[in-house]
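First up is the structure itself, then whatever we jot down about it.
Naming follows writing order (A, B, C and D), and every chain is counted from residue 1.
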Amino acid sequence: MTTSAAAGIVPPGLLAPAGGWSRRHPLLRQAVLLGGVLLLIAFAWEAAKWLAGDPWRIAIGGFTYTHTPPLAWRIASDISLPHLWTIVATLFDPVPGGPPLWLFLTGAAFYTLRTAFVGFAAGALLGLGLGIVFVHSRFLERALVPWVVGSQTVPIIAIAPIVVVALGASWISVAVVATYLTFFPVAIAAIRGLRAYDRRAGELMRSYAASTPQVLWKLRLPASVPYLFSALRVAAAASVVGTIVGELPSGIPEGLGRAVLNFTQYYVTAPERLWATVASCAMTGLVFVGLVRFAEAFLTRGRYRPAAV
Amino acid sequence: MNKSARIAGMLVGAAIVAAACSSGSASPSAAALIPVKLQLQWVPQAQFAGYYAALDQGYYTAAGLNVTVLSGGPDVNNLQVVASGGADLGVSWVPKTLQSREGGTDLVTVAQVFQRSGTRMVSFKDKSIVAPKDMAGKKIGSWLGGNEPELFAALTKAGLDPTKENVIKQNFDMVAFVQGDLDAAQAMIYNEYAQVLETKNPKTGALFTPADLNVMDFNDPSIGTAMLQDAIFARDTWLKQGSNADTATKFLTASFKGWIYCRDNPQKCADIVTKAGSQLGTSHQLWMMNEINALIWPSPNGIGQFDTTAWNQTVDIATKYGILKAAPSDGAYRTDLAQAALAALGSSVDTKGASFQKLTVTLNEGGK
Amino acid sequence: MTAAAARVPQPGRRPGAGHAVASGRLRALVPPVGAAIVVLLLWEFLLQALGFAEFLLPRPTTIVTAFLQQWPVLQKGIVYTGGEALAGFLVGVSLGVIAAFATARWATAREALMPVAIAASSIPIIAMAPISSAWFGVESPLARIFIVTLMVFFPVMVNTVRGLTSVEASALELMRSYAAGDVDTFRHVRIPNALPFVFTALRIAATLSVIGAVIGEYFGGPRYSLGIYISSEAYLFRYPNAWAGIVCACLIGTAFFAAVLLLERIAIPWHRADGRDA
Amino acid sequence: MIPDSAIPAAAAAATPVVEIRGVDKTFATASGGVVALQGIDLTIRAGEFVSLIGPSGCGKSTLLRIIGDLTGPSAGDVLVNGKPSHRARLDRDYGMVFQAPVLMDWRTVSRNVELPLEVMRYPKADRQARSKRLLDLVELGEFGDRYPWQLSGGMQQRVAIARAFAFDPALILMDEPFGALDEMTRERMNLELMRIWRETETTIVFVTHSIPEAVFLSTRVVVMSPRPGRVNRVVAVDLPQPRTFETREERRYFELVTEVREALRGFEEAAAVDEVVDARIRVEGIG
């Protein structure tokens, strides 16, 4: 049930991407696709500015170009949507008393990523543990799953200050906030995945009079791996968000949280700095999810084909 | 089979490694110094320059203290942090500290650093809002959450009902104001007001100027609803423990020295704050330093001392407009520590700044 | 053991089995309700004993008292914030499903959109707050609806695409053997196959949408909206009130969740919640 | 070429339903082309029940799928009802049954049977009538409003058969439909299929790897050799109709089983090699 390859003969193009160079170089393909999408976004972005942004003027050497857009949309103004070149240029502007913005953001991203990773690992273990408990006890599942679901309806931004005050303003409480966002998708996927083993294999294990831990270890856990990994990808992105949100009340200055805070407060004077920070949050999430994807490909070599989506 | 074991193992291992990496940064502290944690009410900026200067100039160390300054932010309740023991001392506005007492804390204000309110209502000239009564029927921005009493008091004084007026929660940025979504917006003279002046007017392509704006000052006698702002507070239980009261006095003395240093060296102090991790632009930082100095100096009774009239006005407004349910109980503030700190500074130091003169600061685009 | 029993053919519902089913449903309610009572009791008495001050986490009884007292204000907030969440939910879900349909046929388009989805889900809302208020204005509920849409869109799209594409190859062959066109294949195979996945996404979206609206309001909006109420009351140290607001947010989220579950029962009666779902 | 003597006299006169001429099929893999079928010539006439049998990897399923235009031949022509197979598929000239029942979880049993009729835009009343008739035919009349998961494996496969016959196609293609069933169920299903085949007077092409099943069901058994897949021998099954439970005890039945078995012998070694190639094709995602 996990293998799409064994599922049968598939008309080409319906399920799998077409062959050729892109199939032989999946990494290159990803890069090209990402580049394409970014180009498309950039094009749409500047097209909106050209059509309905604020007037602009470029002067390169003796050549000046002035453009007055025919329309004026609020969402395309310089405050709403700064020019891409302004955003790129601001990356090379130094942060007051510090390195250029790009270097500062990279450092902040790494700091955040490290905390996120702790929260992610803790959340993954917690989620998996809960999943294991729940598939073995219908009673506990019935009793506690509503609380697990309910926990996710509490706005994290309301929880984060409590965690930070209770545990002290340190990276540990930030990681706890990240854990809070991470464990949920993993727990849900674990419940599903740990039940997704082949019924016949289950009967086989019964015929061996296998113990519950043996069934768990040899059957349930392996069956849950694809489910877990797709949840871990979701969790990776969530842990980045959780970390940034946790950094706000913790007052930690090194991470992306502080950058977000600073640049949101001064958005009106330098919108491009917040946009650059938003982009680096997005990149951080992408990198983390990419790492999980790599780990998945590495650990499950040949076992199953990871889902494209 | 073993793949799942490997995955689980990897996760555990990774957690341990990451934990080990993240924790090794505690600096070795000198054993002789008394550790003190100060919780700010916002991120590092010149608003707190005195503390950073005391840190930078070694005033705290000289007083035998090892001070850690904890940053605040929009999602940090600094009062909550101190009340639950996450820090020893904090900086907050007086009415907020009083409110927290009604919420069950034992926080005591021990020094009143700012002598004036820094809050303003700004509006563009064409809206013709020059007095509180002009805000009738307008879109009025406020940060709410304890930042509204001065505004509400001014509205009520002008015969308006703040609960019926169109008060909109504004974010901690000035986007809504500049975009024209708000007719009048709250702004701190040392920060948001400057932000507007650092922003290009999309119509002209040049920066906004003070001439574009009407500014209402709550300190103005014609409005007269200013309330006490940045003050230093601590837990009563903490103050009564061991020699903590003495520690607090030492902290106040060194902090006052820091503020005096900043009064005399505004540019250096702005740089110190920037070095401490504030990411504000150079001109913005200096502007803030300058305006903060103007909120402190002159201090007619000496820095950090209470002005009973101002205190009473704050309490009156707060109780009148339901910010406080009742007048604060005794012990909401104590004057002895600040007085002792002032005495410890000695008479050779100018603690009043009677001759203080503001600088003229030019703001650049984006505060650079 | 529940799982091992699944594949056994089951007799249809016997006439007169209704009574047994009803009492079974009642019995199923025992564990969650019991757990709720235990958790609330622990919260009421243990946290206090452990030294959690009321201004950190008030006791349930305090919160309930505040809730009843503040109901007139909270009521307005529930309607306003719930409305924003619902609007954002509907817009986000519609756009997500449409995008999924638009890209379901082209693996390349899907692959290209994935990084965008991941990237977007890694941006904290607080970073979007000034941007969305620059776009739509701080007063307009559109700012929050936009944030909710953004949060809901990608999980819905990703799950729907997964549902539309994870069709058994033999089912597609069967349709091919009928010379069925794309429209028929979508109607008879891909869409029904995607429904359980879509509903999984809707469950996520239900809770996300309320959170998105509440957090969006932290950064602007009318005074009585839940997010502003919660943050203001917390700043004013009226924690019981703030928690009453949080409880309201949870209630809306839970109500949305329950509505989705109900809809799911009606829309996909064939679907069994035994782990085979999306 | 197929020796004409292999075609029963009665069938020889009937019109051809499937005509396969010189069909080759080559799969491209990273390690070069794999020839799955080579030079297949076969004519199947109306009313015949033809089984394709051979060791795994001989391409019998591929051949069936080529007839059904689910995949194309690399060379050669396939005519169904005198039309190119592609045209025949668009004209809905045949029904298909797979090894798995491939029932739609979200449709009740009767609506699963109606599925092809809906796709082919039959009026509602007609759909319901046909579904009812066919479910009765497979003896599942009272299970129409159940969902597939409420049925056993054998019952599900009977639904799939009912579905294939629902629109009265002249030709039914069956790809190891009983492969996953236990022996007892399988024999019962064989009898049932025989009955339906007689009653509906269709032509059936049937892929199996069970020799007794092939002999019992068929009018002709096509024995194929492993890769490259060729028609090795065609065995005409001259057992009397209707086939019954007793047919399996007749001497002639055993003789024919032996004949088919002997035709298959000698492929075993090659078959082992082919399993490897098969696996490779699967891993490389061809197929």
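For the reader, a short list of remarks on this structure follows.
FYI, a residue touches a chain if its C-beta (ideal position, glycine included) is under 8 Å from a C-beta of that chain, and two chains touch if they have at least 3 such contacts.
For clarity, every value in this text was computed on a predicted model and none was experimentally measured.
In terms of the stated touch criterion, the partners common to subunit B and subunit C are A, listed by label. Distance from subunit B peaks, on a Cα-centroid basis, for D. Between the interfaces C-D and A-C, more contacting C-beta pairs are found at A-C.
Look at where the CA atoms of subunit A average out and do the same for subunit D: the two points lie 49 Å apart.
Note: centroid distance subunit B to subunit D, computed from Cα atoms, is 83 Å.
Our note on geometry: subunit A versus subunit C, Cα centroid distance of 19 Å, whole angstroms.
Contact with two or more other chains is made by residues 70 of subunit D. Within subunit B, the positions touching two or more other chains are listed as 74, 77, 80, 84, 171-173, 175, 179. For subunit A, residues that reach two or more other chains under the stated contact definition are 9, 11, 16, 74, 77, 79, 157, 161, 165-166, 245, 248, 261, 264, 267-268. Partner subunit B is touched in their complex by these residues of subunit C: 53-56, 129-130, 133-134, 137-139, 217-223, 228, 231-232, 234-239.
Of all the residues in subunit B, the ones that touch subunit A in their complex are 1, 3-8, 10-12, 14-15, 18-19, 21-23, 40, 43-44, 70-77, 80-81, 84, 86, 171-175, 177-179, 195-196, 198-200, 202, 205, 271, 274-275, 277-282, 284-285, 365-367. By the touch criterion given at the top, residues 68, 70, 89-92, 94-96, 98, 100, 102, 104-107, 115-116, 118-120, 146-147, 149-152, 155, 173 of subunit D touch subunit C in their complex. Residue ranges of subunit A in contact with subunit C, taken from their complex: 4, 7-11, 13-18, 29-30, 33-34, 36-37, 41, 74-75, 77, 79-80, 135, 138-140, 142-144, 146-147, 149-150, 152-158, 161-162, 165-166, 191-192, 195-197, 199, 202-203, 206, 233-234, 237-238, 240-241, 244-245, 248, 260-261, 264, 267-268, 271, 274-275, 277-278, 281-286, 288-289, 307-309. The residues of subunit A lying in touch with subunit B in their complex are 54-55, 74, 77-79, 95-98, 114-115, 117-118, 121-122, 124-125, 128, 157, 160-161, 164-166, 168-169, 171, 217-218, 221-222, 224-225, 228, 245, 248-249, 251-253, 258-259, 261-262, 264-270, 295, 299-300, 303.
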